[in-house]
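Have a look at this one.
A, B and C are the chain letters, set down in written order, and residue numbers restart from 1 in every chain.
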Amino acid sequence: MVPLAIAGAALINTGLGRARGSAQSALGSLCILAIAAIAYIAVGCAWEGYSGLPQHTVLIAGKPWGWLADLPFFLRSRQLDGSSASLAALLQIFGVALAALIPWGSGAGRWRLRAGCFSTAIFAGLVYPLFAHWVWGGGWLAQLGANYGLGRGFADAAGSGTMQVTGGLTALAVVWITGPRYGKFYRDEPPAVFPAHQIGYALFGCLLALAGWIGLNGAGSLLFAGIAPGRIVVVAVNTVLCASGALVTALFVTSFRFGKPDASLCVNGWVAGLAASSSICAFVPPAAALLIGLMLGGAVPFLSEFLELRLNIDDPSGGITMHAAGGLWGLFALGFMGRFGVPVAGQLLAQIAGIATLLGFVLPFTYALNWLLNRVVCFRASADAEQAGMDMHELGAGAYPDFVVYTDDSPMR
Amino acid sequence: MVPLAIAGAALINTGLGRARGSAQSALGSLCILAIAAIAYIAVGCAWEGYSGLPQHTVLIAGKPWGWLADLPFFLRSRQLDGSSASLAALLQIFGVALAALIPWGSGAGRWRLRAGCFSTAIFAGLVYPLFAHWVWGGGWLAQLGANYGLGRGFADAAGSGTMQVTGGLTALAVVWITGPRYGKFYRDEPPAVFPAHQIGYALFGCLLALAGWIGLNGAGSLLFAGIAPGRIVVVAVNTVLCASGALVTALFVTSFRFGKPDASLCVNGWVAGLAASSSICAFVPPAAALLIGLMLGGAVPFLSEFLELRLNIDDPSGGITMHAAGGLWGLFALGFMGRFGVPVAGQLLAQIAGIATLLGFVLPFTYALNWLLNRVVCFRASADAEQAGMDMHELGAGAYPDFVVYTDDSPMR
Amino acid sequence: MVPLAIAGAALINTGLGRARGSAQSALGSLCILAIAAIAYIAVGCAWEGYSGLPQHTVLIAGKPWGWLADLPFFLRSRQLDGSSASLAALLQIFGVALAALIPWGSGAGRWRLRAGCFSTAIFAGLVYPLFAHWVWGGGWLAQLGANYGLGRGFADAAGSGTMQVTGGLTALAVVWITGPRYGKFYRDEPPAVFPAHQIGYALFGCLLALAGWIGLNGAGSLLFAGIAPGRIVVVAVNTVLCASGALVTALFVTSFRFGKPDASLCVNGWVAGLAASSSICAFVPPAAALLIGLMLGGAVPFLSEFLELRLNIDDPSGGITMHAAGGLWGLFALGFMGRFGVPVAGQLLAQIAGIATLLGFVLPFTYALNWLLNRVVCFRASADAEQAGMDMHELGAGAYPDFVVYTDDSPMR
């Protein structure tokens, strides 16, 4: 069921973008899945490893810090026989592709397809596996518990940190490098609104994403949090409740602020709830999952506004809010609401160490890699290309050739 | 896979409605899922219970009649460990949301989002759990067999009654309370036709719904009918055949009556077949499932016509026909075609008792609750709002801002 | 999850066709699923049988050649209890429907719905079961190993031959019989281009198809190739890598040839990779699956061009390339890259025998049956009908009544 999360994310990206770039958005989603899968299986999962498999370690203050796995490429070392290590590799093909779709949605409308493909290869081959090794591959963040007594080490049941936040921070890096779409920010005027061209796609994508996320969270909790199989019930219930809670408060907050609910921000709230659920799902009771979602959803509209109005970030899909902020909140909330049977303070410190690593290392690292890539493969389409639409410019054909579509020459509704 | 049934139902609702209300329809589907999930987990499943768990009973003529479960809220009593009771709670999160989507489709184009949300909370928190307790929670309808020797009591493998008919009857109540869309019925003229704005959505939704329904029927048959796991094969085959049969006769009947097949009525036929399959799937051989579907599909077009022309009911999605009529037919057919190893007469009486309860108690009950709700939260949008479209009125934005869409000022095709 | 492959294929068919025939395309997909399911369960699976069940055999040169199973209709002989034979019947309901959708996509825009329904009944009731019996029902192709020492007999883990190639060759037969759409080939002018009317549907369909295909390949490998359950991991990885590889080279080749990537051909490449994966998935390591996909995807654009320019075949969905060519390549590649633990030469001969049977027997057989059917139920819509669109002609209603759509009188984009 996990591929449905990818299908859902692709629909959300495409639906929240503009009609003139929707074919490029959809084709890019498929390409990103393909390239992420190849890069991850080819090299990524060799560097990520799995708990208990060989890794490179350095001794720091007498404690071993694992920083990279040491396995042959193309899964050759692993018996693909249903073992946990092989199932983890399979699951993360989709997990890494899901994470790689986040920047694609945020860069929509001006990021070139070729650049997106190369950026995905770097992400799936290097950035993701490195951090995932630290968390799930027996690396130093996982060892914080054994080495320093910080709870059970940095806990992330099903990828709030490894997938959602790494993807979301990469989206932030890409958006910084690529810049906003032409016409978005113009002098002191309020930012232009480019409405979702098919909000129905995005909302339907939310439903599909739920199905995929239940699979993702269930499988991740089994493989990386070691829950008993029967506990998948609570994982699934928590996933639904966290997303539902976030949607409900996003609906309320936008209704009160704007007089009417904002469907795009509701989509963002829902997905942020899903992103947060990935860490907490295995460790909290249902009522807590609902509460975590309710708190998150209320913050999403304000955060989106802050990013757009204060930081002048142009994020068409809201990927940074949905995935980075949602995931970070989940990781943090897990620190004080998770039931691990260990002292709360230690676990909270471990969670903060993980969050600090994401913000202090992963963000600069992915920014630097994409900055370098931008020197080689120009990220940004030309102004003319943007005006004509990424579909015409990059694919030579529109997404809706049989329909009458508004152009910049015609009045917008 | 069960969330796919919700995704399918949402697509069917949106596709069969009009373009000017499609964003509201899609956003409402997501909201209804969220609110149904929260309400059901918070209180609903505590009142529904599960066979063998504590319940309130009254003694009538010396026999105990269970009428409400007696469990703490928020699933706190249950070990969420993969037990049947916990799996049943998980399954019904989606089941109750699926049922709550039925009125949303029938009220499309004039029912306000806020009213739909509150109505869903009442449905998922009270109406559904009450009836479901009687059928699946060890309540009096399930006890008819033990108490009065009526076969094995009212049988409903996977929710034809509990989900489809309760949802379908609530749709009927909502449509009665809300009234038809403006312009639908005008004096003695034939009813206006508002064609499905994206029939492709609805047809694709049928395919997704099948996938979801197989999961729903399989899980329901395991949890509520106690079949052996291997019998899921026959459940799945029956689900496909019942829907297929209903589609084929709906296709034939509309072809003969109108000269050309009617795609909307074919959608209605297919989903009616699915709704009927939920009761029979565990208890009949494949050929009988096909026959039950064939008989149902032929009646769907006539029933739709009867509701529209004779009763002046404006049901854009056909939800009443699809779910209420389809589900009732499945429950009834099960009475004389089911293979229970008990006398047919007793089982048929038990089925009729269940159907009578649905029509004689659930329908007035849900009507009364929604009638009261309508006093508090006005169901009906204003005439101006309807004219402008629910999207513009309730969300302040259309679903297709980049496309040129026909308005009432432009000639309809 | 297998129904998702059907949903994906239906979306691909509809998306790659024209707006004016999209309702007919979508309705046809649902009808074809229904009719294929009924025909297959009613008679098809009685003639296909399953390894070890009774069959008709003829003695040729002292060796028994099984040619048709000998079972009662409507699954009556089989215990529907989760046995392999019953699971195989369930899986193939969807498999045969998936195969029957291939001609429907290729005949889009001029093939009449009624003809498609009858053709599906013949396909699912006779053509598919006959060949599937030979491969999976213990028939003569499967016996090639035991009888003549050709490896382990013709190997097809999950339906590259039985589903994809039989469907793809039937598509070729239908296209030959029906002829190209009016205006496609006009004298010596280059063929007219009818662009995909919603390429986003097709690309999203690719994502859904992947989810379905993983289920299909996993289940098929278990039931027909006898792999250990844990090996499903490698099956899933291979499925993803084969499709991903094919997409990547299709993307590269179209980018180099046309200057810009062609989204439709990328869809064709992806699905061709899926079709090829169905045979190889259980028998090769991941790196080989990727290589097989990479080689296939590069050939897809050339093959499409060859069919269109040289053979004047008008295949709107590219079904012949995707399924027939992709499947044949998978069967052939399996001959020399599969790891069976038997001599390569014998296995390669068995694979070639199977391919020869497909081209030398199945293609003429399905052509003859459809040719006969065309005498009874005219395949081809009239020129006027095509001009007005299959939607208006066959259903009396368009698919997008609320949208302004280009007609032949308006300038095409």
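Everything that follows uses one rule, which is that contacts are C-beta pairs under 8 Å (C-beta built on N, C-alpha and C of every residue); 3 or more make two chains touch, one makes a residue touch a chain.
Keep in mind the model is a prediction, meaning the values are calculated, not measured.
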item	value
Copies subunit A and subunit C - rotation angle from C-alpha fit, nearest 5 degrees	120
Same vs different contact residues, subunit A with subunit B, by half of numbers used	different
Subunit A-subunit B separation of Cα centroids, rounded to whole Å	35
Per-residue overlap in subunit A, given as positions that touch at least 2 other chains	1, 4, 400, 403-404
Contact set on subunit C toward subunit A in their complex	1, 4, 18-20, 195-200, 203-204, 206-208, 210-211, 214, 228-234, 236-237, 240-241, 243-245, 247-248, 251, 258-263, 266, 270, 285-287, 290, 400, 403-406, 412-413
Touching residues on subunit C, where the partner in the complex is subunit B	1, 3-4, 6-7, 10-11, 14, 22-23, 26-27, 29-31, 33-35, 37-38, 41, 74-76, 80-83, 86-87, 89-90, 93, 113, 201, 394-404
